[in-house]
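Worksheet: one structure, shown below.
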Amino acid sequence: MIIVVKPNSTQEQIDHIVAHIHGMGLRTDVSRGIKRTIIGVIGEEDAVRNAPLAAIPGVEEVVPILKPYKLASREYQAEDSAIDVGFGVKVGGGSLGMIAGPCAIEGREILLEIAKHVKAAGANILRGGAYKPRTSPYSFQGLGEEGLKILREVGDELQMPVVTEVMDPRQVELVDRYTDIFQIGARNMQNFNLLNEVGQTKRAVLLKRGMSATVADLLMSAEYILAGGNKRVILCERGIKSFDSSTRNLLDLSIVPNAKGLSHLPIIVDPSHATGRPDLIPAMALAAVAAGADGVHIEVHSCPEKAMSDGPQALLPGQYAAVMGQMRQIAGLLNRNIPAPHGSTQSGRQ
Amino acid sequence: MIIVVKPNSTQEQIDHIVAHIHGMGLRTDVSRGIKRTIIGVIGEEDAVRNAPLAAIPGVEEVVPILKPYKLASREYQAEDSAIDVGFGVKVGGGSLGMIAGPCAIEGREILLEIAKHVKAAGANILRGGAYKPRTSPYSFQGLGEEGLKILREVGDELQMPVVTEVMDPRQVELVDRYTDIFQIGARNMQNFNLLNEVGQTKRAVLLKRGMSATVADLLMSAEYILAGGNKRVILCERGIKSFDSSTRNLLDLSIVPNAKGLSHLPIIVDPSHATGRPDLIPAMALAAVAAGADGVHIEVHSCPEKAMSDGPQALLPGQYAAVMGQMRQIAGLLNRNIPAPHGSTQSGRQ
Amino acid sequence: MIIVVKPNSTQEQIDHIVAHIHGMGLRTDVSRGIKRTIIGVIGEEDAVRNAPLAAIPGVEEVVPILKPYKLASREYQAEDSAIDVGFGVKVGGGSLGMIAGPCAIEGREILLEIAKHVKAAGANILRGGAYKPRTSPYSFQGLGEEGLKILREVGDELQMPVVTEVMDPRQVELVDRYTDIFQIGARNMQNFNLLNEVGQTKRAVLLKRGMSATVADLLMSAEYILAGGNKRVILCERGIKSFDSSTRNLLDLSIVPNAKGLSHLPIIVDPSHATGRPDLIPAMALAAVAAGADGVHIEVHSCPEKAMSDGPQALLPGQYAAVMGQMRQIAGLLNRNIPAPHGSTQSGRQ
Amino acid sequence: MIIVVKPNSTQEQIDHIVAHIHGMGLRTDVSRGIKRTIIGVIGEEDAVRNAPLAAIPGVEEVVPILKPYKLASREYQAEDSAIDVGFGVKVGGGSLGMIAGPCAIEGREILLEIAKHVKAAGANILRGGAYKPRTSPYSFQGLGEEGLKILREVGDELQMPVVTEVMDPRQVELVDRYTDIFQIGARNMQNFNLLNEVGQTKRAVLLKRGMSATVADLLMSAEYILAGGNKRVILCERGIKSFDSSTRNLLDLSIVPNAKGLSHLPIIVDPSHATGRPDLIPAMALAAVAAGADGVHIEVHSCPEKAMSDGPQALLPGQYAAVMGQMRQIAGLLNRNIPAPHGSTQSGRQ
């Protein structure tokens, strides 16, 4: 932490600031420039960070130097994390998690049909929502536990790990019985109690970036889960708020290399929610792989105009297969691979 | 809902779209312009809104016309809602809710001291956090139930209604025992399960705008609470995300007349969290009252440099009293008033 | 400037960075924390700021400390600037510049009619565009010099100073012959050649904030004009880009106290372009005065549905008079006044 | 254009609106829904668009349907434009324009050295700034005409087309003598007079997206140039403003397929200015090619820590060669190619 002192401060005032900092149990290093005096604050990381230094009279600005996350940082762990999500599928460390499926679980038959399509195309993780965060209280809110059961059955039948959203700390135990990966939605990225709750489990977590979260905010939310003891966090970029309403959100692919520089955690990209437009999803999916993403999350539906949620943004199975072929080629160029799921007794559900 | 058909569509394609819409049980009105054909979709509001029309081939764009909120709208209720929050204090309908207090409840003595100051200055609702949403898992998270008890005691002693944040559906019952107003924080504005839970209670709710929420998003979240049966919602602007980091967030005062045009719900303004800077809070507090806000929420601490949370953004009691005097004058000019709390048996806690 | 060195750097690497900085003619102050070494860079302001320090190997982050503007800063001039714009009207230092008039100059008669209305209501500066920056090349682009003549005539007849936009360095000389104040539009805030050109004149400049400009960006653009020798700069907030399309732009009133803290220059507010909605303009105009603005800029048209540019956002003369009455009251409360223009020989056009 | 009428309007009011529209020479199509009446406005595109319909009493909302750009649209020209920029290099239609070079032209020797490096790596267009838009009036502003001469000489020596920024309508003629492509910088994207001026020339224009421009805004600015008669416009994404300051701007790669769907114009991507961080540029360059960009613009400097402008964001020549190799592979996968410049008499400067 660096403190910039207001201009024209007297020696007495500077001494007062320094004394105040010492009173908090921290040390100082005072440096006088031509126009400004700056004070370096030295001490235990957390003590420094949480001290209300900006409230001391005479302080013009407090400049943080240390990153507020630890367990998520590259400094804590230099090598990439590879998260084993069951059925032999890993995400990270050169292996891509290719997540596909419908927005909402609507029934066993339709989910199985879609799942077969996406698995045949190369997807290795099946998605489907049983609890749907909808902006309107009057919209379809998901099938709940019935949906979870269907998802588990289809995942087991096709030997694919599954991912589904958990929205409420009270649902964590129930969802844990059925899923391989918890999804924390963008709207809940800073629902700290929910983060704490999944942090107590041993199950992998797909943590979606909030619509106005910086890369540091995203890593701080990951830190909540890691601090709870659960090391299996997969980050996910899904678009942020922007002034251009021609796309649903704004896909920020630069967070892929940005997060990978700061953190050892894998990060995947969801061009479906980011763009909301099937005509843009394939190009953005290829770009995600080229940017170094550890996976791509795409909504697929065999009959979008009958979908109960977000139909208009889903790719058709044939479109998904086509873009998957190209993603595989780009991944290959960059020496990364898309592992196929398999279901021996040893490598099934965890 | 209006459908814009892709240019150069044939009559056959348009007929197909129309047939598709009719198949959903909706009616149509086709209008041919020089360059584009547009199709009005007519039917029950919810059926229209939730139909995945954009997924029909040949559709270029779907333009929503109807507002997605109902109970929150001015069309549903023309006159302003005035929310009785206990101890004789109303918010809305010409009465301003002046909320003040520390960020976090740190102890009985300090809270009582601050509360006496702000009440003397004219505040009519006391705030204080017992559960703190902190971006870092390593920061002070609040005193929990102990804090709630202290808040209740101080509120009763001074005969002031109190407001405190609830972060988790599992806390709703507990917090309900102590508070007069639930606060839903900005990060939980789209925590739909939490909204549902407070919607089941009879207690007033202060709903803070999310950092990237539009006015329509805010009203949809209010709709969740209203749809649950709880009509006592107070909106709160507290700053949105912006590209200028010289303030913590960006205070959007235009949402005050904007929301009041669309909705009958009262809206108050929180310049403390919006700016994060004590030097800007007084000017923004006056501007909020001038803009027609139904109240102002300001953090006050008698010793900011020792505060356990957000100290640097708190006003000192004397600063608060000064700005309160000016707010009262501007409110008076605009024929609005700041009711003092009082504690007869009839008008105490509800 | 402070340099944060990458973690785990050796003494040799740090020495190398220090030597590099010394090679640029700058001095250093090295401070070792527990986790990070930081290096204060000391030297002449401009030399420090322009040195490409971030490109030195081993540097993790460069933290600027000094503000990049000088002449615009409070440190350079402690007291508020009051800009004399002619006809006895001052903007700043407690005097408010109340600018009103149509978006575009459409003809002598209609301008005179509108001007009489706004002057009667209390406006002290008349606006009207002769050169219109339109996003479409097919829209009405303004009357050009003919419009300037009309504006000057009407201003002289009513003894009001006038303001009009200049869009091109080649127009500066011509516009200078007719106007009292140059307006630099939001889209040209970083048209540095245009800023240089008006900086060579002696005429007052109304500098509108760009749609994605920070307060520091705005002050840097003012610095261009000031550095050219023209000290008569009036800042203007007119809304920034936002994700909520329910208003045309997002009015940022916090820039008023923010800019006034950093700079001695006056700042006025334009709620017309900021909101684009007549139903929101009155509330935002009152809020602007309450926030401490040195003036308010409002578009007024006596027949908005026939206006050739931006008609839908104009107030009617009666609406303007009503809000002006309230603005005057709020200004009075805050000990600020709205000077009436007058036209003695001494105080006419400059 | 569609007009949504306010709820609870009487037949008389609707008739009044319709009469008003007819009075503007436009036709109407009235459609009654259950809750709202909507009126389609039919007529010549420009007449409809410029009519101030929102100012008619009783109108709740005006919904534009027609796109405001014509010559830039896919409807106007279905096939991709391929822009011949001289020396045998085309941009668009499957050919990628790979632009590289230093931020500013600093001298003949250093430019030639850098140019040889980037040409050897595969770049086919050389960049370098002679006029630099700097946010500070005290920063290096470029070598001016001396720089242009150096750029021309080096381009001719290496038989590469060159691109350089023009900031002022008064410079257009001069810059035209030396360059192959005009660059319009992000800050000047809505400097309409400058757009008009380059629209009068026959020279290719690289039009950079403004920091808060939507895709429609960008295409409208292109329309200005096209409407002037110059059909040789190349769009360029270079990052927009965002709330996350960890990158200089936010690269929006979704504009690549988005713009290509709406327009026939080629679009290239500049990850250097977008990210401002050499550690992120390679990943974003690969992603740009994968997203379908018609070229990539990268700043390269052989000695970034001595660069006179933007040194910290430049790639070293070796880094550029490495990422160019990977870009070429991805382009190949997608059946697109990077043409090498060559200098026969016929294909030299135009």
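Letters A, B, C and D mark the chains as written, and numbering starts fresh at 1 in each.
Here, a residue touches a chain if its C-beta (ideal position, glycine included) is under 8 Å from a C-beta of that chain, and two chains touch if they have at least 3 such contacts.
Note that the structure is a prediction, hence the values are computed from the model and not measured.
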Query = More C-beta pairs touching across which pair, A-C or C-D?
reply = C-D
Request  = Please indicate which chain is farthest from chain D, where distance is taken between mean Cα coordinates of the chains.
outcome  = B
Query = Roughly how many whole angstrom separate the Cα centroids of chain C and chain D?
reply = 27
Request  = For chain B and chain C, let me know how many angstrom lie between their CA-based centres, rounded off.
outcome  = 32
Query = In angstrom, rounded to a whole number, how far apart do the mean CA points of chain A and chain C lie?
reply = 40
Query = What residues in chain D touch two or more of the other chains?
reply = 212, 240-243, 245
Query = For chain A, which residues count as touching chain D in their complex?
reply = 212, 214-216, 240, 242-247, 250-254, 256-258, 261, 274-275, 279-280, 282-284, 286-292, 326, 329-330, 333-334
Ask   = Where on chain D is chain C touching in the complex?
value = 20, 46, 49-50, 52-56, 62, 68-69, 133-140, 167-170, 187-188, 190-193, 196, 211-212, 217, 220-221, 223-224, 227-228, 240-241, 304-307, 311-312, 314
Request  = Could you pull out which chain C residues touch chain A in their complex?
outcome  = 2, 4, 7, 29, 31-36, 38, 40, 42-45, 61, 63, 65-66, 75, 241-243, 245
